[in-house]
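Notes to accompany the following structure.
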Amino acid sequence: MLTMEIAGLKLKNPTILAAGFLGTSASILKRVADSGAGAVTIKSIGPEPREGNPNPTVLCWGEGLMNAVGLPTPGYKNMTREWAELKDISVPVIASFYGGSISEFVEVAEAIVENKPAMLDVNIGCPNTKKHGAVFGKDPETAGKLINKIKEVAGSIPVMPKLTPNTDNMLEVAKACVDNGADAIAGFNTWGPGMVIDVNVRKPVMGFKTGGISGPAVRPLMVKGIYDLYEKIDAPIVAVGGIMYGTDVIEAMMAGATAVEIGSGIHYRGIDVFSKACSEMEAWMKENGVKSLEELVGSAH
Amino acid sequence: MPTDFPQSYRLTGVRKLTPTVKAFEFAHEFDFVPGQFIMVWVPGVDEIPISLSGPNQITVKKVGEATNALHSLKKGDYIGVRGPYGNGFSIPGHRVLLVGGGVGIAPMKALAQYGEKDFTSVIGAQDKTELFFRQYFPGLHMCTDDGSAGEKAFATVVAERLLKDRKFDAVAACGPEVMLKFLFQICEKANVPAYFSMERWMKCGIGVCGHCSVDPTGWRVCKEGPVADGTVLRNSEFFQYKRDQAGREVEL
Amino acid sequence: MLTMEIAGLKLKNPTILAAGFLGTSASILKRVADSGAGAVTIKSIGPEPREGNPNPTVLCWGEGLMNAVGLPTPGYKNMTREWAELKDISVPVIASFYGGSISEFVEVAEAIVENKPAMLDVNIGCPNTKKHGAVFGKDPETAGKLINKIKEVAGSIPVMPKLTPNTDNMLEVAKACVDNGADAIAGFNTWGPGMVIDVNVRKPVMGFKTGGISGPAVRPLMVKGIYDLYEKIDAPIVAVGGIMYGTDVIEAMMAGATAVEIGSGIHYRGIDVFSKACSEMEAWMKENGVKSLEELVGSAH
Amino acid sequence: MPTDFPQSYRLTGVRKLTPTVKAFEFAHEFDFVPGQFIMVWVPGVDEIPISLSGPNQITVKKVGEATNALHSLKKGDYIGVRGPYGNGFSIPGHRVLLVGGGVGIAPMKALAQYGEKDFTSVIGAQDKTELFFRQYFPGLHMCTDDGSAGEKAFATVVAERLLKDRKFDAVAACGPEVMLKFLFQICEKANVPAYFSMERWMKCGIGVCGHCSVDPTGWRVCKEGPVADGTVLRNSEFFQYKRDQAGREVEL
């Protein structure tokens, strides 16, 4: 009832584990797959080992999380055992990755492609390091060039850039990616970033001072972004941002998404947020006489 | 008000317990289960997981940057705390053997104090100066590596002997992972259920980042843990390897 | 204890009623002043009568509001009685206004200036009409030129542009405004905009389809923006966005604000949110031995 | 889940009460005080304030775009609702005279049904076909402009007579503002407290936009209202002028 296809990936349901959540090892990815996710994403892989930012790196400030984990990674060279074990996972495994330059992105992509992930999730939207991430996602030309180069080494593996919402150029960046061969577009990485100051201590609380905002508080911003993307680009869209309930998934689809990622929802509803959202979708579909999710995509336009 | 956000409270008391361990009390009482931990924000430095040794108390060993900074704080200074997190000890049966090694004595003190069981206790440290909180432990057996207080022996050895002598329903322990490794073998041999408070590198503390999860089940120390029983410990990465701050595997 | 001065305005406390909240008539402004606000702002005045967008125009979606009121206004020509009655208000009255072109802005400013408000709040950040608002707040050159022209007619009345946070150019826009004589900078108008779709109905809920986001959900984004402004510009800053509690005011000040505006807080805490926040500030100041608010401004840097 | 956000529910029943008035029931029960209203979203058209005539019921007169669109909906269609908002009737004393004019009969029906007072009722309309809900009103006096049902008189005239005949602790009313204007003069003369449900243009419905606030106090119809008593009505803009959708003053 919930099956979907996106960029050639067949999903038993449209809920995907968002990058950076619980994606640190094969065993936890397997656990998430067993909790009902339609696909899972490996935490963004970088070119060299990286410790990330000092704690606090992830906080919940109410109706949202705030994070500046800072892309810690063992580095693609230290993941051989992990890759071997990923073979046991019953759903598609997507690989998220990043670099500090176009050539680093390509270097990492090449290494990852050898392990045949189901999709490449290109992280051009992370606001939590100075050198990586969003710097590649704010300028259409740079983003287009990057995707072009990655497509050259990706072979038959679909390539999905994950956008930052924090730029006037969001739609132009998306268009440049699609024009350069992106097979799908994911929207979005975290918002802001934001900052919280402890008034007693008189200091920003996050170790990195700031942190990208995610979770229910950003859902309306995500929906608007997906709605706009659907009208402007010609590629399947994966919605990310504040999705927690079955009706949130349906809302994102009506705005234009073909699938969704769930991250912060794990904090609010538990690791089984995937299967919970899926049962809620099924209940809603029955109540509203909807047979297939496909008819919902873009239906709010 | 945010729940999982560090709230700053003033330190209401700082007490030196050993040359390397201090107890800190702060102006907030957590409603907690012994074995649960909090994330302690040392402003401007770091945020680290620390077990509650009491409702408004943590007991911390100086081992690096954050714990050093914490040790330099005085009564009236602010720290940030969030939690309590994790499962805490939930032990079936009545006769429980408590084993605390080094600063692992701290959470065991909370269990001894609030656990409402028939406890027999073993606490061990390098030497006499590093033993603390002894007044809280019923049926206490002390031991030190150099024999400067109590028996000259590892806590594991004392525990093994006690397990032979009497019947216990469970063993609850916290301490260095190598100590727990041997203690677990002893428990398995004696066929007594083990409940061990474990450590892994933590970033979020709320079960979302995955950094503290262990192979092969993806059990999260910060969420399903930190107290692991035999089903979690057996055939796991525990006592073998762990992941560092970058996520690289390192031998124990 | 709470007195502050900003751009020559003496405030008994730093909490100002945000534009568009309860500012529709002299009588309700008076009521807000009597509820403890340090200053009040008249709802943005436009050149011609305007009905605004169809309902729903203001909704609360959880930890935030969403609005697309769409700048309804009787028009500056229909406010003679209102202005006369404003004289009775015991705190400074700030006039917010907008136009659809630079000359319209100037036309409205000229008319308003005759009535001698305490400050001109220039609305260049509203995302809820196509022709007004944020179009003037995204390009530094346009914003600078606008402020320049308004300063020419403002005489001794201080001019404060209110920025949109939704642009890569936010800091450059602020700088252009200050370079052209802005006496203070207010940050920010609403975020996004966002969208919420009703899945049963399969339509966006807002009458305008989208709505700008405000309230507690945006506070971390506001704090980060103020923190950045404080490091980049040399003018007093008024913080707006999600402020509800005394500690929120203090947090904004530590980030760099000299005063704050409160809007959505009225929904969450009532019309007396101003006096509530002020007592909370006083309690905190006593507990922390702070004698004057001035020492807090920028103290988290 | 959001609280002040329109939640869509299916219409479970639509009943034509008069040529211009329909009662709509929806699949959600509000816990409400008679006199409270909800904001009714007619998808794709508008959102308008409507009093609850029952926990899951609104009763609406067709007067313009939104109410026309509402009248075209059928059982099974969705509407969005949020609320309940405002104060509702809170009337001291026991003997209460109820007056409902036109579609103002709708909220008075809720008060008659759930108000637990000793009610005497007057309902008035243009003609026989426009009178509805009569079965809910105790001690009923009907009147029509053309005498086609009940007395041929304005409801105000009937109310004035009743107030002379007997002692009432209060008058509760809803109807066109001109009717309420005269009724208020009658109440003031008879020295009986008035509780009138009032209308002003609403945008937010939650007390933040200011659009429904009235001179000279800034009393918000959506928040402190919609039920106004003498202290609010006396020397106010009510019965004199109001503001339109743009905020311009217009004569009553």
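So that you can tell them apart, the chains are marked A, B, C and D in the order they are listed, and the count of residues begins at 1 in each.
Here is the rule we go by: a contact is a pair of C-beta atoms (placed from the backbone, for glycine too) under 8 Å apart; a residue touches a chain by one contact, two chains touch by 3 or more.
Because the structure is predicted, anything quoted here is derived from the model rather than measured.
Least step count on the touch graph, subunit A to subunit D: 2.
Touching subunit B and subunit C at once are the following chains: A. For subunit B, the chain with the farthest CA centroid is D.
Averaged C-alpha coordinates give centres for subunit A and subunit C that are 34 Å from one another. With centres set at the average Cα position, the gap from subunit B to subunit D is 65 Å. Contact with two or more other chains is made by residues 61-62, 196, 200, 203 of subunit A. None of the residues of subunit D touches two or more other chains. Taken chain by chain, the contacts run in an open path, each chain touching the next and the two ends left apart. The list of touching chain pairs reads A-B, A-C, C-D.
Of all residues in subunit A, those touching subunit B in their complex are 20-32, 43, 49-52, 54-62, 65, 67, 69, 72-75, 78, 81, 196, 198, 200-201, 203, 205, 207, 263-264, 266-267, 271. Residues 61-64, 66, 138, 166-169, 191-197, 199-200, 202-204, 210-211, 213, 216-221, 223-224, 227, 247, 250-251, 254-255, 284, 288, 299-300 of subunit A are the ones that touch subunit C when the two sit in their complex. For subunit B in complex with subunit A, the residues that touch the partner chain are 2-6, 8, 39, 41, 43-48, 78, 80, 82, 202-211, 213-218, 220, 243-249.
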